[in-house]
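Structures for review follow.
Same chain, two partners: chain A is paired with chain B first, then with chain C.
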Partner chain A sequence: MWDWTFTFEILPVLARAAIMTVEATALGFVIAATLGLVLASIRLAFPVAGVVVTVLVELIRSTPLLIQIFFLYFVLPKAGIVLDAFTAGVAAIGIHYAAYCSEVYRAGFENVPRGQWEASIALNLSPWNTFKDIILPQALPPVVPALGNYLIALFKETPLLSAIAVLELMQTAKNIGSETFRYTEPVTLVGVFFLVMSLVSAGIIRMLESWLQRR
Partner chain B sequence: MWIRMLTAMLAGTLLLIALLSANAEYRLFMPGLLEGAVLTVEITLLGAVLAVFMALIAALAKLYGPLPIRWLSTTYIEIFRGTSALVQLFWLYFVLPQFGVFLDAFVVAVLALGLNIGAYGAEVVRGAIVSVARGQWEASIALNMSKAQMLRRIILPQAFTAMIPPWGNLFIELVKSTSLVSLITLADLTFKAQQMNQSTLKTVPVFTLVLLMYLAISLTVTIGMRLLEQRASRGLTRGRVA
Partner chain C sequence: MNDMPMVRFENVSKRYGALTVLDNLNLDIGRGEKVSIIGPSGSGKTTVLRMLMTLEAINDGVLWVDGEPMTHMMQNGKLVPATTKHIRRIRAKIGMVFQSFNLFPHMTAMGNCIEAPITVLGLKRSEAEERAAELLDMVGLSAKKDHYPSQLSGGQQQRVAIARALAMRPKIMLFDEVTSALDPELVGEVLQVIRKIGREHDLTMLMVTHQMGFAKEFSDRVCFFYQGKICEQGSPAEIFGNPKNERTRQFLNAVLEAG
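Up next is the complex of A and B:
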C-alpha cells in the first residue's frame, strides 16, 4: 500500500517543487499586503473613489479565485497582455488577497482614536505626514495577526496554480502520479507538507501576536 | 440599508447577464453554463448541510466530550483547516481508491468541501457557545437543568445569533471553493467554462458570464444570511439592529 522506497525517491523532486510553492506564497503576499494597503488608503483619503474600491473589493471577494486565475491567464492575452503562467497565477492570488487585506487595514484605521486625527490637525501636520507618522504606526501592529491568518490562507490556495500548469507542489505530485500511477505517496506527502507548514506558521503568528501585545 | 445595496447589486448583476445573453455571441453559452450553475448550487447546498452538521458535532465534542473524543475532534479540525481544500479533494478522489474505497466524484466533492468548511465552522460554533454570557450558564444550573436541557433551551439559541455572520462568510467561501470540483472532472460552472473556452476559444464571453453567475450566487447567499440575521436578532438586546 505505502511504498517507502518510492517515497524517498520522489521526496527530492517534491522538495524542489515546494520551493516554488513558497516563492509563489511570498510574492503573492507581498502584492496582497501592499496593494491592500493602497486600496484601504484610497478608501480613507478619497471617499468618492472609495465607493469604486468598495464595489471592486466586493466583486473580487465574491467570485472564486480559480476563475480569476483563468481570467488573468486566458482573457488578458485577448487584450494584448500576455503573462506567463507563474506571473498570472501569482498576480491573481495577490490581487484576490489584496481585497481581503484591504478590509483588515480598514479595520486597523478605524481603530485609531479620533483624537489622534484631531491632535494632528491641531499640530498643523499635513495630511500626508499625519497618515505616515501618526496613523499608520498605530494602525498596523493590531492587524498583524489578521494579516498572518491571510498569509496562511494564501499559502493554502497556491495549489490552485496547478490548474494553469505552474510547476508547484500539487502539479508536481499530479505529474508523478500520472507517470507512475501511484497517487498515494505524492498526494499524501503534499498534504503532510501543507499541514506541517500551516501549523508551524500558525505557531509563529501566535508568538508574534503575544510579543506585540507585551510591547 | 446594506441589504438594499446588496439587492441592488444582485439586480444589476442579473440584469447584466440578461442583457449580455441578448447578444448572440453570449446566448450560445447560456444553456451549458446554466447547467453547470445548477451543479454548483447543488454541491453548495449539500456541502453546507454537511458543514453545519459536522461543525455542531465537532464543536460540542471538543467542548464537552470525554478526552479521547475531544482529541479526535481537535485532530479533525486541525487536519482539515491545516491542509488546502484542493489537496483534500485530490486525496479523497485519487488516494482513497488505493485503499479500496471508491467514491463517486460528486460524493467526494460534497464530502471534501463539507468537511473542510465544517472544520472552520466548528471553531465558529465553539466561539459562539463560549461567548454566551456567564450568568446564563449559572442561571441554568440554578434552575436545575440537565446539561442537554441547558444547551438546547438556553445556550444554543443565544449562540445561534452570534454564529450567523461568520457562517455567512463561510458559506461564501464554500460557494467559491466549489470551483475546485472542476479539477476532479465534475461538470460544474468552472468546468463548463473551461470546456467551452477550449472548444470555441471565445474566452471573453465565457469567463465574463461565469464571473457574473458566481457573483449572483454569492450575493444571493449574502442577502439570505443578512435576512436570517435580521430575523434572529429580533427581540434581542444584542446583535445588529436592522
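Up next is the complex of A and C:
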C-alpha cells in the first residue's frame, strides 16, 4: 500500500512545491493584513467613503474564493489586465482575506473606549497622531488571535490555486498522481504538511499572543 | 482683548433630538477665576465642560475663549462656523481631566505626559521629559513615572491625568467629576493636587463636582444647574450659606444629608 522508495523519490519535488505554498501564503497574508487595515481605516476615518468599502467587503465575503481566482485569471485579461497564475492567485486570496481582516480590525477599533478618543481631542492631538499613537496600538493586540486564525485559514485555502495551475503543493501532488497513477503518497504527504504547518503556526500565534498580553 | 472674559457662553443651546440639555446658556468666566458647577444629574453640567472641550457640538449660540470665538470664526466681519484648524488653535488653550481618567493604557505615566507636547507642541523629547518630570513631581508621582496606568491606583492615575493635561500649558483647566470614580480614601490626594494647582498656577478653572466641601472652600463662584439652566449662582458663601432658590435649597439638603 505505502511505498517508501516512491515517497522519498517525490519528496524533493513536493518540498519545492511546499516553498511555493508558503510563499503564496505569506504574500497573500501580507496583502490581506495591510489591505484589510487600509479598508478598516477608511471606514473609520471617512464614514461616507466607508459605505463603498462596506459594499465591497460584503461583495467579496459573499462570493466564493474560487470564483474570484477565476475572475482575476480568466476575466481580467479581457479588460487588458493580464496576470500570471501565481500573481492572480495570490492577489485573489489576499483581497478575499482582506475583506475578512478588515472586519477584524473594525472590531478592534470599536473596542477602544470612547474616552481614549476624547482624551486625544482634549490633548489636541491631530487625527493622524490619534490614530497612529493612541488608537492603533490599543486596537491591534486584541485582534492578533483572530488575524492568526485567518492566516491559517488562508494557508489551508492555497490548494485552490491548483485550479489555475499554480505549481503549489496540491497541483504538484495531482501532477505526480497523473504521471505515476499513485495518489496515496503525494496526497497524504500534502495533508501531513498542511497539518504540521497549521499546528506550528497556531503555536507561534499563541506565543505571540501571550507576548503581547505581557506587555 | 483682555477685557473679555476667559470663557463666554453666549446664548448656547445643546439638544439631543427633542431633549434640550442646555437651554440658551449665558455664562462668563473671568481670567484666573475658579468656578464650580453643581447640580443634580441630567442638569447639563457635564455638557457645559464637554462643549467647551469641543467633545460636543453646540446647536445654537457662540462659545468664546480668551477673546476669540471658538465654535465660530470671523470672516468679513461676520461669524461663520469654525474650521477644524481654527478649532484646534483655540482648543490648545484648554485642558481637561475626566471622571474615568482616560490615560493611555499602553504608555507609562511619563509617556502619557510627553505624547502631546512632542507631537502637538513640537517639543524635543528631552525638553518634554524634563517638563513632564517637573509636573509628575508636583503631583507627587516622581517615583511612578515608569509605571503603566494599570500599575497605579485610581488616585495616582488621576494625578497623572492632571499632569498630562498641564503639560500642554493650557490657560483653562476643566475638571469633570474627577473624584467620582475614586474610592473615598483616594479622593483627598487628588483634591490636594487641584488645590496646589489653584495656588501655584494662574489658571482659569472650571469644575463639575459633587464634593460640596471642596467647592465651598476652593471656588470663587458656584453655579447651580437645574434642567439645562443656571438656576442660581454666586459666591460659595451665598450658595451654601444662604441659597435663595428653592431648588438650590432642596438639592443642597439632599446632598448634605447623603454626604
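We adopt the following convention: the second predicted complex is superposed on the first by the 215 of 215 C-alpha atoms of A that agree within 3 Å, B and C clash if a C-alpha of one lies under 4 Å from a C-alpha of the other, contacts with A are read in each partner's own complex, and residues count from 1 in each chain.
Here is the rule we use: a residue touches a chain if its C-beta (ideal position, glycine included) is under 8 Å from a C-beta of that chain, and two chains touch if they have at least 3 such contacts.
None of the values given here were measured: they were computed from a predicted structure.
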item	value
Fit or clash - chain C, chain B, common chain A	fit
Partner chain(s) touched by A:L208 [first = chain B, second = chain C, both, neither]	neither
Angle, in degrees and to the nearest 10, that opens at chain A between the C-alpha centres of chain B and chain C	100
Comparison of chain B and chain C by chain A residues contacted	B
Partner chain in contact with A:F70 - chain B first, chain C second, else both or neither	first
Chain B versus chain C as contact partner of A:S198, first or second or both or neither	first
Touched partner set for A:A119, first chain B, second chain C, both or neither	second
Which superposed partner A:D133 touches (first chain B, second chain C, both, neither)	second
Partner chain in contact with A:V190 - chain B first, chain C second, else both or neither	first
First (chain B), second (chain C), both or neither touched by A:A163	first
Chain B versus chain C - smallest C-alpha distance in the overlay, whole Å	21
Chain C-contacting residues of chain A that also contact chain B	none
Residues of chain A defined as touching chain C within the complex	113, 115-116, 118-119, 121-126, 129, 133-134, 137-138, 215
Complex contacts: residues of chain C adjacent to chain A	53-55, 88, 91-92, 94-96, 98, 100-106, 115-116, 119-120, 164-165, 168
Residues of chain A defined as touching chain B within the complex	1, 55, 58-59, 61-67, 70-71, 74-75, 78, 156-160, 162-163, 170, 173-174, 177, 183-184, 187-188, 190-191, 194-195, 198-199, 202
Residue ranges of chain B touching chain A (in the complex, touch as defined)	9, 78-79, 81-88, 90-91, 94-95, 98-99, 172, 175-180, 182-183, 190, 193-194, 197, 203-204, 207, 210-211, 214-215, 218-219, 222
